[in-house]
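Look at the two complexes coming up: subunit A is in both, with subunit B in one and subunit C in the other.
== the complex of A and B ==
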């Protein structure tokens, strides 16, 4: 990443302004269920990043769980119920 | 002095002051347009029509997976991959993470080897940089963006969002914003789908036409009718 540039603050990387990043981080904060009710002045940017990582990981886990359940449901319904669902889906209503 | 131009790097030869003024005029509009686009995309992920479209496309993809695959691909893994693929398609190629998901399938085997090497390199550099106390500064004093703790978290986030491993910080933040909205929609759609399917299968097995069965049957009908006629 830009960790190598962290030493030189006058590098070309500072073309990206702090304001831009502040804006993006606060927008991200509004999305997080844990942090959206807290004042943006009291939440550090590192905390927002941390919560974002945690939230994305928990969303991934939820999707994995749902995928498991869906695959079971679809597999189990591979009998008469599957025929029912398939016929429903192929209908032109 | 710090010019905020993200594009147009090759302007060094011309008159600097004049061009700097021009750049400054351009950039606020650019930012405003990007922000509007981002906001529009955000609300899109929350809309019901988006969720409906995603659900029906997901159903199609899952049917295809079932019909063509054998026993092994039927696992949760196959469903997850299909769900991610359909999600990426729903993004209409506007975001990096969606393009990365769609191209990743091809590159996956090659990426695995090179990604582990890169990961080692990244941890070495962050380990060598100066160790400081964890910053307790607020968002406004963004000197933290140069600190190793912050950089480390940013690179972790970059690894979580598909296609953002080597991207600069603002790109990662923007992609993460859209990715989270998309993931939330994915969860909502798959939850609804699971409820529908479990409702439909359980009530049809009890062979009694209850109201719950008919409502889920109607919902499934809606999902099925919102697509084009099947090829088979």
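== the complex of A and C ==
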């Protein structure tokens, strides 16, 4: 209780409500592949944050791996770039 | 995809299209530099491979940040890191914390107190998140969560684009 009161001593504009935090945490949960099918009430905020960290780390790892493969392919391939761009744009939905 | 799609100005196209264009432009530039250079002897090929890998990775983050522009705090932080040539430092620091976590997490599990587990986990995860999201260290909690959501969305799009390119090249 006291922590909430001390937070309200700051300017009203920066007061953080529990609802705002809950909204944002559930928004994050929707983005996580592991947790998005679970009911938001059953997943704790700590779990969401931990899964978020794991997910971001795995995305960074994927970027690293894909960069490595791409750099190898760039070195060895003579594919025309216009064809590459055309095919990539046709896959964009 | 309708043919009119191409006449929309770049700023109003979807984020995925912007990400794709920027990354492809960066790759094209990299490729031009490579073909312009004299072919190197085998002794420097390992160095060249490392350098190429590094440049592709930097191009991925740079193109992602510039496609988003200054609309988001994380992209602003990334862009300023690029301008100060600190992107490499951030990438290395981020990877180091990843490696340390792998070693220490096994010890932490053994010592964990189940009654305090949830609050300790929340604070730890919170600090970890600040390190992972660019510019996360100086944000307040609400902005951190908001920026994280957008960062994850853009990262997944970027990964998808890179996967598409690799698949195309591998055919």
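FYI, the second predicted complex is superposed on the first by the 63 of 93 C-alpha atoms of A that agree within 3 Å, B and C clash if a C-alpha of one lies under 4 Å from a C-alpha of the other, contacts with A are read in each partner's own complex, and residues count from 1 in each chain.
Convention: contacts are C-beta pairs under 8 Å (C-beta built on N, C-alpha and C of every residue); 3 or more make two chains touch, one makes a residue touch a chain.
This structure is a prediction, so every number in the text was calculated from the model and none was measured.
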Thinking of the overlay built on chain A, is A:18 touched by subunit B (first), by subunit C (second), by both, or by neither? first
With both structures placed on chain A, which of the two partners, subunit B or subunit C, ends up touching more residues of subunit A? B
Counting only touches as set out at the top, which of subunit B and subunit C does A:28 meet: first, second, both, neither? both
Check subunit A for residues that touch subunit B in one structure and subunit C in the other, and list them. 14, 16, 20-21, 24-25, 27-28, 31, 44-46, 49-50, 52-53, 55-57, 59-60, 62-64, 66-71, 73-75, 77, 81, 84-85, 88-93
For a test of understanding, state which residues of subunit C touch subunit A in their complex under the given definition. 1, 14, 16-17, 20, 24, 27-28, 30-31, 34, 48-49, 52-53, 55-57, 60-61, 94, 98, 118-119, 121-122, 125-126, 128-129, 132-133, 140-142, 145-146, 148-149, 151-153, 155-156, 158-159, 161-166, 168-170
Per the touch rule, the subunit B residues reaching subunit A in their complex are 2-6, 31, 35, 38, 59, 62-63, 66, 74-80, 83-84, 122, 125-126, 129, 134-140, 142, 144-151, 153-158, 160-161, 166, 168-170, 173-174, 176-177, 179-181, 183-184, 186-187, 190-191, 193-194, 197-198, 200-201, 204-205, 217, 220-221, 223-225, 229-230
Could you list, by residue number, the parts of subunit A that touch subunit B in their complex? 1-4, 6-7, 9, 13-18, 20-28, 31, 40-46, 48-50, 52-53, 55-57, 59-60, 62-64, 66-71, 73-78, 80-81, 84-86, 88-93
What residues on subunit A touch subunit C, complex-wise? 14, 16, 20-21, 24-25, 27-28, 31, 44-47, 49-50, 52-53, 55-57, 59-60, 62-64, 66-75, 77, 79, 81, 84-85, 87-93
